Amino acid sequence: MLSKVAVVEAAMMPGPESAENYLTQVYRICREVLDKAGITKDEVGTVVSASSDVFHGGISCANAYYWDAGAAFLKNASRQDGESLLALFYGIMRILSGRYETALVLGLCKGTENPDNDLITHFYTDPFYQRQLGLNETFAAGLQMRMYMDRYGITEEQCAKVVVKNLGNALRNPYAHVKKKVTVEEVLNSKPVLEPLKEMECAPKSEGFVALLLASEEKSKKLTDKPVWIKGFGSSMDTFYLGDRNLLNGHLNKAAKQAYDRAGITDPRREIDLVELTEPYAFQELLWTEELGFCDRGEGGKLIDSGITQWSGGLPVNPSGGVLATNPYVSRGLYRAAEVVLQIRGQAGERQVDKKVKTGLAHGTHGFAGQFHAVAILGS
Amino acid sequence: MGRAVAVIGTGQTRHGMRSEVTYPDLIREAVLAAFQDAGITPDDIDGVVSGTMPSMMEGVALTHFYFADALRSVGKPILKTETCGSTGVSLAITGYYWVASGLADVVLVVGSEKMHEGDSQATMTTVAEPLYQRFFISGAPGAFGMQSKLWLQRYNVPEDKARDAAAKVSVDHHKSGLLNPYAHIRKEYSMEDVKNAPVIVYPVRLLDVCPNSDGACAVIMACEEKAKKICSKPAWIKGVGYAGEEYWIGDSDKVVWESAVKSASEAYKMAGISNPRQELDVAEIYNPFTFQELLYYECFGFCDFGTACDYTLKGTFARGGELPCDPSGGVLCTNPIGATGLIRCAEAALQVSGKAGERQIEGAELALAHAMGGIIQFNGVMILGSKL
Amino acid sequence: MVTFDKKGNPIIETEAIIPYQSVLGPTWFRFFEGLKEEKIYGTKCQKCRRVLVPARAFCPRCFLDMEEWVKVPSEGEILAWVYTNYEYFGMPTKPPFITAIIRLDGTDTGFLHLIGGFDLSDVEKVRTRVKDGARVQAVWRKEKQGHVMDIEYFRPL
Amino acid sequence: MEKHFHVREHEVWLPYRFSVGPVFHRFYQGLKEGKILGNRCPKCGKVLVPPRSFCPDCYVDMTDWVETAQEGELVSWVLGRKEFFGMPMDPPFIGALIRLDRTDCNFLHLVGGFDLDQKENLKKLRTGIRVKAVWRDDKKGHFLDIQYFQPI
């Protein structure tokens, strides 16, 4: 990176349904992060939020609705539609431009107000081909899972282990939506959805309001003694039609490469201490760990078998419970970043991993079978 | 203070009713034109910025997935900026920050809308929440109509005079549209035509209102080093400003319109402009309604509050006047919403690089581009100049 | 299925109907419950002292909780009005109607509602009847549902 | 669903008129005639199906039309057991990616023509098995004019 940008504070809200209304929740999460940092709304340089018009309670132009609730009254602010890590990236850009010392980055999604996620993801399709065949995110993920198992001999048990691990990790996370001790058998015996995908292997629909306060290197010194630095980030888009894509060698490695290059990481397995990734479908955690370079191609199953990705393992993956536990569709990527920030600062409470976390990776993905990936590397 | 950023290429579609092509093809038309104009290839691009109006208008959610190939974004980082009507300028501002931050040298910025595929008024109704405002905001014209009434009342502008000035804006802009090969509406109207057009939402009449257009605009931006290498006449981004108000329409002053005043003053400060009417050579204003154009002249400091009608009737803001506004024909002639603000930036860039063809304002060196959005809630301004 | 538009180009006509729900939360809920009792509630900011209506959980400008509830008069002044007599897809209120921004007495914001209680069929007649700055008063429906349309309209005094 | 807190239910209801463009239009016409049309990129030579207006890789116009084979290999599939919004048919059904012979992308469609409740039948489904298009009698210019692809 050219110069340094820090995350100086992070705040998040719990994933279960909330009886509070959207705007009040947006206001509260902003207040929480600003109060923690000890600054007022007026001292914030710029605000970049992430939201989506279709995951937004039936109100278009989402940013219009929450502009003032999101601490942006009369500010030069902006908004990203979709992947919330993009709001983080844009916030970083605004600070690096030298025009702002601080940026408030928000990820906003109230799942309670929306229909099933897949009703909405169906509208990612083009109106002429994939829509006529009923494609949605789960449909695409099922096709990807079958290929993954076929190609590399990944087993359903290995995929189910991701659920066992992540929902188990969620028991330590007060913000998690679904948390329980489950067995591989229970996962395998859960209702088939789009086979090979089973109900427990698919993420729920959650609430998610998350806020990060970013600051320039100089400003961060005044705001915190525990800055978490943005070491690198990257993102990459794949081609649109599902049938044109290599679903087992997508664009996550390209996104990761940009991030690693910027962060100077050459051996991710050794240099990264903790991973929070977006796995709306259990098997994707295994596939993504391969694409991120934590193991060789086709070795994602062995990686979970080895126990290394467990909460207490050498490379904890989703110690928060991940997206399988909490899936605020739009803001799930930024939740990953917030979790990494808390782990690096040693502020993750009961879910704090039992090892020193110097460098962590946050990952977000949107689109069918990972059409788009975003990766951020954060470090102490 | 960041790196200098310039527009080095622009591309627009022929705007209008484009039902003969699919939406991605429409976007590709603008992208191809921008690459041709800049004389570079997609390999030279470090990132892509994309945006439209709300996805509900498109009937496709998170459109950057669907448009990925048409945007030439495969294998590249992308940002998806959307701020309702002001999306176009917000897109340009995103591109600006991306390059200014040093994280990209060259970015492609694309805004688009295929308004004939959706229902614009029905979509805009969903911008208002379903508990309160949705029942009263009669599409965009309702909100803008109220704003114009507030303005007339505040400054005791006689309704007839405002009517004449608004009609002149319509007449002038439609006349300018004839010079713009990309414009959707290319037809001349008389003052009488405008004043006798059917009422949409009183006091707003049909010819006070923008059309629904299909169109896309692509703009390529580059850092100083690359811009100088690639482009003989870069249009330098001298200033950016953006501001938004409360969601609730009644909460803020829509006459001395805070977001408009603030966004312009922010951009002027960055560009070192103290007397905009004298210093600017041309302005491209986002005016979906004639009355609003008049209000903008005042909020942007082109004239004092309450005086826009006098200046307009004198011809100050017409082609050949002291500060020609919307020589492209503006939004009254073309409005593919998600592209509209970016078209303003592209047109401003064309003007300051002397590439605006028949609609060129002779010797233009400093231009303002603007967009508005939300429930009359957001304003964004970009200043472009021929000199670094 | 493909049909053709007026230019002869192939199109696919379709509709999307997506169900959503809005969570009211305590603030909206109390405001709507007030309407059932013919009361319009606003909230007052502890810092800027503005009274905003409908009631808010927070002041957008001061960014502080708004905890002081105020019952505001159901009378006020028209700040601006527009007359709508065109219809579009999904319009929630049927034309013709007059929308106005109304400054309810003792408040510091504009309240959005309808003006009515007289013949709305002709815009020229409407122009003589409704003036900016005119005083208006809420007319309540008999059957109330805790909805903003429990106020049928505001009538000029 | 009954909530323990107050909600207001509503829906967003919007009409659309999507421009089909000449390429999909011609493809739909082909379906009406029982043909699956694709096109070839003049630059990279790839045959894509359904056809495209431009090659997603090369960004050049796709001009060279081909009628593709109606047989191919099964690449991947899902078994839909539960109803969902937009589903192509009532469950159970099989959604699949199929590589039609002599094409360079996977074609999204359905696999069927046998009793999906019979476990024995499902066991026969494997990556790489051959499948063939089965057409409906009443063709309307819609992807589902092909009823499904049946294992050969």
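Each chain gets a letter, A, B, C and D, in the order it is written, and its residues are counted from 1.
Simple rule for what comes next: a residue touches a chain if its C-beta (ideal position, glycine included) is under 8 Å from a C-beta of that chain, and two chains touch if they have at least 3 such contacts.
Please read all numbers here as calculations on a predicted model, not as lab measurements.
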item: Any chain that touches chain D and chain A; value: B, C
item: Of A-C and A-B, whichever chain pair has more C-beta contact pairs; value: A-B
item: Reference chain A; chain at largest CA-centroid distance; value: C
item: Rounded Å distance, chain B centre to chain D centre (Cα mean); value: 40
item: Centre distance in Å when chain A and chain B are each reduced to the mean of their C-alpha atoms; value: 34
item: Centre-to-centre distance between chain D and chain C (centres being mean Cα positions), rounded to whole Å; value: 46
item: Junction residues of chain C - those touching two or more other chains; value: 5, 9, 11-12, 14, 16, 18-25, 28, 60-61, 89-90
item: Residues within chain B bordering two or more other chains; value: 19-20, 22, 56, 59, 69, 74, 119, 122-123, 126, 129-131, 246, 251
item: Touching two or more other chains - residues of chain D; value: 5-8, 10-12, 14-22, 24, 56, 142
item: Chain contact topology (line, ring, star, complete or other); value: complete
item: Chain A residues within the chain B interface of the complex; value: 2, 52-54, 58-69, 72-83, 86, 89-90, 92-99, 120-121, 123-128, 234-240, 251, 254-255, 258, 366-368, 371-372
item: Residue ranges of chain C in contact with chain A within the complex; value: 12, 14, 16, 18-28, 57-58, 60-61, 63
item: Contacting residues of chain D [partner chain C, same complex]; value: 5-22, 24-25, 28, 140-142
item: In the complex with chain C, residue positions of chain A that touch it; value: 18-24, 27, 30-31, 34, 40-41, 54, 57-58, 68-69, 71, 73, 110, 112-115, 119-120, 123, 127-128
item: Contact set on chain B toward chain D in their complex; value: 18-25, 28, 32, 42, 56, 59, 69-70, 72, 74, 114, 116-119, 122-123, 126, 130-131
